[in-house]
Amino acid sequence: MRELTQPAVAARPGPPSVDAQRRAARWDLLVELAVTGAGVAGIVLLLLMIVFVVREALPLVLDPVQREQASLAKLLLPQPWRDGHAPALLWNPTSKVPKVSVWPLVIGTLKVTGVALAVAAPAGVAAALFTSEFAPSRLRTWVKPTIELLAGIPSVVLGSFALMTLASALQSAFGFDFRLNALVAGLAMSLAIVPVIYTLSDDALRAVPHTYREAALALGATRWETAFRVVLPAAAPGVLGALVLGVGRAVGETMIVLMASGNAALVSANLAEPTRTVSATIAAEMGEVVMGSTHASLLFLLGAILFVFNLVLNVTAGAWVRARLARREGAPS
Amino acid sequence: MTLGARFALGRLFERLTALAAALIVLALGVVLVDVLRDGVGVVSWRFFVDEPGAGPTEGGIFPAIFGTVALTLVMTIIVMPLGVGAALYLHEYASPTSRLAGLARAAVHHLAGVPSIVYGLFGLGFFVHALGGALDAATGQALKWAQPGLLWAACTLAVLTLPTVIVATEEALRAVPSEVRLASLALGATRAQTLGRVVLPAAAPGILTAAVLAVSRGAGEVAPVLLTGVASWLPDLPGSLSSQFMHLGFHAYVLATQSPDVDAARPALAGTVAALLVLTFLLNLVAIVLRARLRRGMEAS
Amino acid sequence: MSGTVPARLGVLALLSWAMSASAGTLTIKGSDTMVALCQRWASAFRDANPGVRVQVTGGGSGTGLSALLEGSTDIAMSSRPIAPIELERLKQRTGVDPVVVEVARDGVTFFVNPANPVRALSVAQLAGLFSGDVTRWSQVGGDDRRVILYTRETTSGTSEFVRERLLGGLDFAPIAQPLPGTGAVVNAVSRERFGVGFGGAAFSRGVVPLRVRVADDEVAPTPEAVKSGRYPFSRSLTFVLARPAEGDTKRFLEWIASDAGQALVVAAGFFPLR
């Protein structure tokens, strides 16, 4: 605005010189290349990650020695381990006779994730319903940031809480034989994933158009019926996304289970027994392995299992959401 | 069901949802109180500025604070250009139907779901062994870079936080009205000039939020640094990017599982956790406030 | 974005910091049992020799040896005997004979919760417990309650030592819970009435160390019994080096063997060499 009051011609530079234009064009190209490069970096990194994890696990298939030490039968079927005992599924790769069954670890991961999800999913979604549908707006403006803030509690903090306090509290309350068990780890894990599930569910619920609510209420539905039968189903893709992210976080979370699950590699459905997860195994054993050994390849195989599990989870959830959206758009309304 | 019963049932369920929200806040509050209370009255300010002493519970944690800050700083320097660049590509350059952009988006989405311990494996395999080994071979040094250290841990965390930065930056770019871009282009500015002088300044608070979110996520992660460069006891501050370092989260883990007398270590644990929480909470709080401003601004426009 | 002067200065400062050659750092890695002891040594050694940088990292004896093999540590701390194949691998890599130096003595202690009436067990009974053949305390003279076993992750030298010495190399019972640190084991046993675990002699606060029955005698892990080897789980704590020590490393080793260095062994709860 000030320029108008100044002698216009002297202050303004003339049209940009050909040189300057050329420079600008060069810059333009350069920036476009740089930015595209950065965009491609995500793809490159993902591919690199796959390549590296798979490459380190590949000797299990290619190297005859490793193929023998960790054959499919040893990975998947019960193996003899001690005279006078039935063959069993065990994980003990540094033993004199290495035992390399992945089942105890997979089952352990599923147990802990199951407990965490069973607690965090209802709690997180219910709390999201509360803040998006029922809570007075003053309360909402406090509750949501508080829970989001608590999402920043590092997992070692949750782990040491579980190890020292939660485990003793649960043992004295329920009289468990084992102080550290799948339930303790799962409950601590639920604290780690509940903020994730809550925040994303709340976002999804809030994104449902107000007309849905108004229509339901006008038809005589109660507030609860509106929220539960109309808004929640409408927000289902988003809520599912929240749950998927929660499961992904629980499956990969390491420090909590390493500290609180007892780490015994057992095949058992009992939640009150100690359990060992895939992620904790990688963290606990990676330090000592000699790169290139069967043990190292096995740990990278575990990493690949986690990786593939998440990929499958994401892809299936994505497909479900797309199918649902397509059905909704295709449905006569 | 009678109308009265329906309303009564509805109110009951509404109360249950309120209970769920209250329980979540309560549970997380209990964790904080439980972990921090042992430090009250025992931990003094000297704990945060002293170097660690001879015993595991003696002395302070300054190197761990410094290490955590240095680590996240280097991580930020690496992740921000990459993340902002990728977001600019996805939001400003790529056409909505671009196959490449679709692929990039899917990749970022999957990266966000990769467990942090797998990032640790990747960091060890790629950065430490492959890249570090190549760097040592190229410079003719015996084992400077091909071992865990600050730079590789920061790189690993940078990859880990990349999706966070991209998603948050995209949100910031969306908040910039497209009219200003069109106006700039119509005045003859190139796309790069439009980006640099119009879009980026307008999106700056949002991009700052992205950085803060990345830092608060990165500062709390222990599993990846476990494999890529952390040391239990290192009273000297890291002297170069290839040095190992102490880390608040890892230090808390060590105090909780490895000190000879865990109960005697509880005040130190509380102090360490407090430092870690101050770091992540303050940053989170900044991010939450910035983001709330940004969203309000978006709704207003 | 990075156009401002302070930002440029910051980058410059960071770059110069990044490029600065780190003065020779003495890196020590391995046994968790030995981390606290080594911290004491390193701290005192640093005070006496300003300018020397020492870093100590745990992770377990296995971790230290693996780092030594990779060349990413100067000294590996080991709380277990080194297997011949490990020495062979090291020699293959460097072409020089590796050096194993005994730096202190230790007696691995088995401990129970104070509420558990059991105070002494024979080696065979201990083996029964940890192999999983004995599952109830009543089988070894205690209450009729389930035995809760705590061990360490396989990276742990202490755990490997016990596995060799107690079980003759067989596995621990699958139900045994390997925890990530001896501190965690002690902490768990101090809170678990029917738990049993083991660790270095320095770790026994809040728990009761068991005496070991040898013939008709009950031997506690006292300095005398450990030194004389009468306590059956006596062991050496060692440093492993890929090649003979020189410079700061050499001075550090000499200082550890001195009276001043060995006095710290006692302070840390272990047993001196002499």
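The chains carry the letters A, B and C, assigned in the order they are written, with residues numbered from 1 in each.
Simple rule for what comes next: a residue touches a chain if its C-beta (ideal position, glycine included) is under 8 Å from a C-beta of that chain, and two chains touch if they have at least 3 such contacts.
As the structure is a computational prediction, the values presented were derived from the model and not from experiment.
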Chain-level touch network, classified as line, ring, star, complete or other: complete
Remotest chain, subunit B as reference, centres from CA atoms: C
Inter-chain centre distance, subunit A versus subunit C - centres from mean C-alpha coordinates, in Å: 34
Whole-Å separation of chain centres (CA-atom averages), subunit B against subunit C: 33
Computed distance of Cα centres, subunit B from subunit A, in Å: 15
Touching two or more other chains - residue numbers and ranges from subunit B: 84, 253, 256-257, 262
Of all residues in subunit A, the ones touching two or more other chains: 163-164, 259, 287, 291
Junction residues of subunit C - those touching two or more other chains: 70, 179-180, 184, 187
Parts of subunit B lying in touch with subunit A, wherever the complex brings them together: 6-7, 9-11, 13-14, 16-21, 23-25, 27-29, 31-32, 34-35, 81-86, 88-90, 92-94, 100-101, 103-104, 107-122, 124-126, 129-130, 159, 162-163, 166, 190-193, 195-196, 216, 219-223, 226-227, 249-250, 252-253, 256-257, 262, 266, 269, 273, 276-277, 280-281, 283-285, 288, 292
In the complex, subunit A residues that touch subunit B: 24-25, 27-28, 30-32, 34-43, 45-49, 52-53, 55-56, 122-124, 126-127, 129-131, 133-135, 143, 145-161, 163-165, 191, 194-195, 198, 222-225, 228, 245, 248, 251-255, 259, 279, 282-283, 286-287, 291, 299-300, 303, 306-307, 310-311, 313-314
Contact footprint of subunit B on subunit C as seen in their complex: 1, 11, 14, 17-23, 25, 27, 32, 35-36, 38-40, 42-44, 46, 53-58, 70-72, 179-184, 186-187, 190, 202-203, 205-206, 264, 269
Complex interface listing, subunit A residues touching subunit C: 81-82, 88, 90, 92-96, 99, 163-164, 167-168, 171, 177-180, 258-259, 262-266, 273-274, 284-285, 287-291
In the complex with subunit C, residue positions of subunit B that touch it: 52-56, 73-74, 77, 84, 142-143, 146-148, 151, 200, 204, 207, 230-236, 239-244, 253-254, 256-265
